[in-house]
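Each of the next two complexes has chain A plus one more chain, namely chain B in the first and chain C in the second.
On to the complex of A and B.
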């Protein structure tokens, strides 16, 4: 049964199918065909779907987004770019989903490390073999309508491969930039870290002042004993709709950390799913700041499949004006996964009487020898703390600003890369009243 | 605490104690459900016209609905046409006026269950309404309650004697459109208890209803309605058992509580329906809708439940906190063993100002059972300074069971404070070792630790129930510790 919101995209698929990347790769062609079939059946998710009960994407019924084309004129100024591109990192820039060599900084990559456009990689038989089993290897097309949509339509993306036993000296940034009004941007990223390697990655999503639909799916394969940190900095334009899915497979003893800063966009959904093998560890952090009419939905799933896994989650939300923040976390401990140690925390601060926080932390446990806990709070600033500050001659408004900022800053402080930390801090500050926050302290 | 291994083995091999069948002549409808069955049911109960219309409306709505699938339980679709919707012990024309007229077989059955209906022998303090299959067979202490102004009677009697109260309150908390099983219940409910506590009255004794399913191939659809008028106070207990049968039987009840200004209702349940055998064969499907409306300011409703029976439990006693400063409480122990499945929890809907709710849920899962806590805390915009505290802990006994926690928290009011905590763990080796070192057997140690784990909830139960609940818990866990 084709859904109303998806039919236009299904009908027009034939027109663009021949121009999508990976034409010469038969297995990918097959996957794309499966994906469009899946999407025809599912459409975009509806709120009857339990995983989407708090996030209504029916706006996609009313607004059609044309597929973004490669822009010919350079619309991005150097100054604009500077605000998002890290200076002390390698960076690969995707403009409207397409690789932009002129903006990217990829010189002097360590030997053996691959950071390249996914479309280019698919043209090269050597890389195409690496990618087989990796594209749609960490997520299945039937995960949800957005993943199927992305699987059918992705135009480019990035392939990052770190060979065994290599510690990458500088962070690698993938910068997604949207520039065209009313377009849909579909990218797919594949990150492979071989055993004993270590790498820090940054995914940044930004856009010019326009309305667009950004659908980005990232698949991460963390090899045995490898260590991957992925920071997602989502600062899309105020009118953007963003779906970002990060799907991770962790091998034995692998470590994965994800920091999710959801700051931009009007309707945002982020999925982070990870599968843990024997004694692997994951840490998922998140900060969502909602102002005006923003709707920010964070969805995490941690599958403990083998014993001795450790997982930690901390998501914090600050919601002002008419914003709505959602946290849905799910920890599944499989029958085999004894000695699992899992903690999930979600804290929400409501600043306005029109703001809303919905949270649904779930534990699904099939093994007995485990330590699993979750905690949730929703509330306002602690009156005692405000009083304390007031008693020390800080006026109430300033006291509130300071405490709100401190609440959010806990997450920012977890970022150890200096330039990235400052970038995020700047973005957080622009979204909040700064009265009384002394930047010199930070 | 049982002393010797011999006794423990006896206990392990002990069957479900309440699993006997009482041989009785009964009046039973043929299986099947259509409008004519509802007409017949309403006629047999001698109901006023408005009830028949109410039932038909519910039935028509039910036909448009689908059986819910969201719960974390698995069962084969239920064939509603193979269930008999009415079964009553045959009785003399006018119905029993005193206990002497009740079929001695039924009295015997209740005696076996430890619920003597004989007022003289009974310790004063608890009035019992006994529901046998589809009808209420006896209500004790009617006279004493009447003196206090309390109405406590079978709901079918209330339909005839107090239609004005029924009209006003029936379906006002759980409307017929509420959910699939509530709609079915509204269409075919046969009996249940009705309680009305007038203004300013503190009910002189605990009220209790004892439900018993006896006949095969029947469903039990009972309806309980408790109204606590301004400033009144009532404590109500509910117990249930059923015979052991290989087929699954459906129990779809609806309980509605209405608390007016300053009223307090305390509702306690010890649910011990037949849970099925070790291989998951048979057992009761317990699909129950329970909801309280704290309508008046400063009212309070407290739900306490101990769920040890049923093959499948699907039950969410809820509080709608409409009145300002009203309080909702939910204390629950849910224990599942063998192939039992439980999806239970609560809903706290904060509407009024300064409303408070507390949820304490303890889930224990053993054998191959699945135990799920599912709870909703919703704070509407109007609920200034609402406060919720939720704690749900799960204990796993054995490595083939599952324990799940699915809380939903929706807050639209910034001055609200909502906290939720959950933990899942197994009985710690250290605790076990500590007990064993002091001479307790492993079984006794587990029983003691589990009882300690549930203590917070048990202390909310009325005395007699607490003792029963502790004993039940020990029994249901038998054989799960290796």
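On to the complex of A and C.
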């Protein structure tokens, strides 16, 4: 029985199924069939599901989003694009979920590196083989309703493949742009970094000022001793609903870092899950800024499966007006994962009495020789610090802005790619509209 | 410069300052000594505008204006500077950023334009050298991870750059070793001028060897129980405070 909020999507699936990518790939057809069955049965997540208790997506009951079609006219201008597209990176642009060759910059990729539309990759037997076992390889269809929805409906996305031992000289950006009112956009991305390779990636989510549903699932495979940094810059439109799931499998000695900037959207959920093998390391950073009625939910899960893994998490939230931020972090240390070293921190700054932060760190430890720590705080600005700044001539409002900005900036400063750092800083600053922060002083 | 008359201050229901009278003229250096908990920091805080205190009686007039009416940042822009007993760490705000913000606020307050970037750096670097600090401190977050002595030196660096009129130093010498004390004292002495006054809270006569005060006051139990010249500090060093408190109790 389809749940109310998913029935329309289920009923209309037959109309679009034959136009989705990967028609000639039997295993994918089977996966799509499984996905729609899964979705038919369970629909979108409900708050009675423990992992979704803070985030109510029942708005999807009331509002139907039609599947986004490939837009024919170029609706985005070069100027608009400039605000999001990095100049010193290769970039693949997806407009409403569909690859846009016109906006992408992919010339002169290093030999052996693949950055291409997932739909195209599925048309080519050579790439389709790479993708087998990767699509739905890092996440299972029953993870949650959005993953199943995405598994059934994705129209395109990206395949990034870095061959062994290669250090990619410039970052690679995947830029998702939404342009159509009341549409649902589904993309699936697969990132494969073979052993000993190194790559820096950016996923940017932006949109024109309209309401839409953006569902993006990214699966990442970090090979043995490979090093992958993935930055997510979510600056969706003010009215957008965003679900983004990043599911990672790390091989032995693999390093993975994820920097998650959740700045846009009205109802946002972001999953970052990773499985660690022997001595692999992960670092998950996050900054969520909520104003007005934004609701931003961050869900992380780190599975330490083998010994000597290291994980570090720092998520910071700044919540103003009636915004609500959620951090649910779960670290699971398997019986076999001795000598695990794990730290999880979540810090929240509430700027208004109507803002809310819900934080729920969870440690599940089945091994006995491990070092696991976690800490959470929810608080206001420190009055002592405000007075100190005032005694140094700074008026109270500016002092508050400075301290708020400083709190957030710790996360921005972690970004080492200069152009990306500046882009994110710019985005953060536009969300602190007060005069207090003088950019030139930074 | 500063005229404090019969100042009574409470925290909640608890009276802390119980009738302070103090006259500070331009160019003068006043040392305030006294036992722990006598109200020295409270006096420093109330003069610089920290919230959480209630003035129940009395007044403080600074350059002819009611000091207690002004918000803290206005006092600072008008030239009141407090070097904190316990400087606050401000992660994420660099020293140089704060210095520039502060300096420009003062300039704006006096109708001047923003400081030129090159002039600013020259000024700041000069003062950094004066206090024998490493330039790296400029680019570190304010006081974050600084040692106790480095924090105190940083307070004096700020003071040297902002050039206040009334400098209140709350135990700036505590936690400084001899070499650092000399450097900080030289920094303070270089700022001495006929139109700049100092209030130095200290427990140690040692500081007064380097910065010679015009007056020494003893604050005990919220009142100034004795005032004198520089020689009073020596007497206190020798005898402690108890003879004064005893005298007060029997009076």
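FYI, the second predicted complex is superposed on the first by the 439 of 442 C-alpha atoms of A that agree within 3 Å, B and C clash if a C-alpha of one lies under 4 Å from a C-alpha of the other, contacts with A are read in each partner's own complex, and residues count from 1 in each chain.
The rule is simple: contacts are C-beta pairs under 8 Å (C-beta built on N, C-alpha and C of every residue); 3 or more make two chains touch, one makes a residue touch a chain.
Model, not experiment: these values are computed from the prediction.
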Now for A:429: first (chain B), second (chain C), both, or neither, which partner does it touch?
-> neither
In the overlay, answer first, second, both or neither for which of chain B and chain C A:409 touches.
-> second
Chain C versus chain B, contacts on chain A by residue | B
Identify the partner contact of A:385: answer first if only chain B is touched, second if only chain C is, both if each is, neither if none is.
-> second
Between chain B (first) and chain C (second), which does A:359 come into contact with in this model arrangement: first, second, both, or neither?
-> first
Given the complex, residues on chain A that touch chain C span 382-385, 387-396, 398, 402-403, 405-407, 409-410, 438, 441-442
Which bits of chain B are touching chain A when the two form their complex?
-> 70, 379, 381, 394, 396-426
Of all residues in chain C, those that touch chain A in their complex = 48-51, 71-73, 76-77, 81-82, 84, 87-88, 90-93, 97-98, 100-103, 105-106, 109, 141, 158, 162
In the complex formed with chain B, which residues of chain A make contact?
-> 50, 335, 338, 348, 350-380
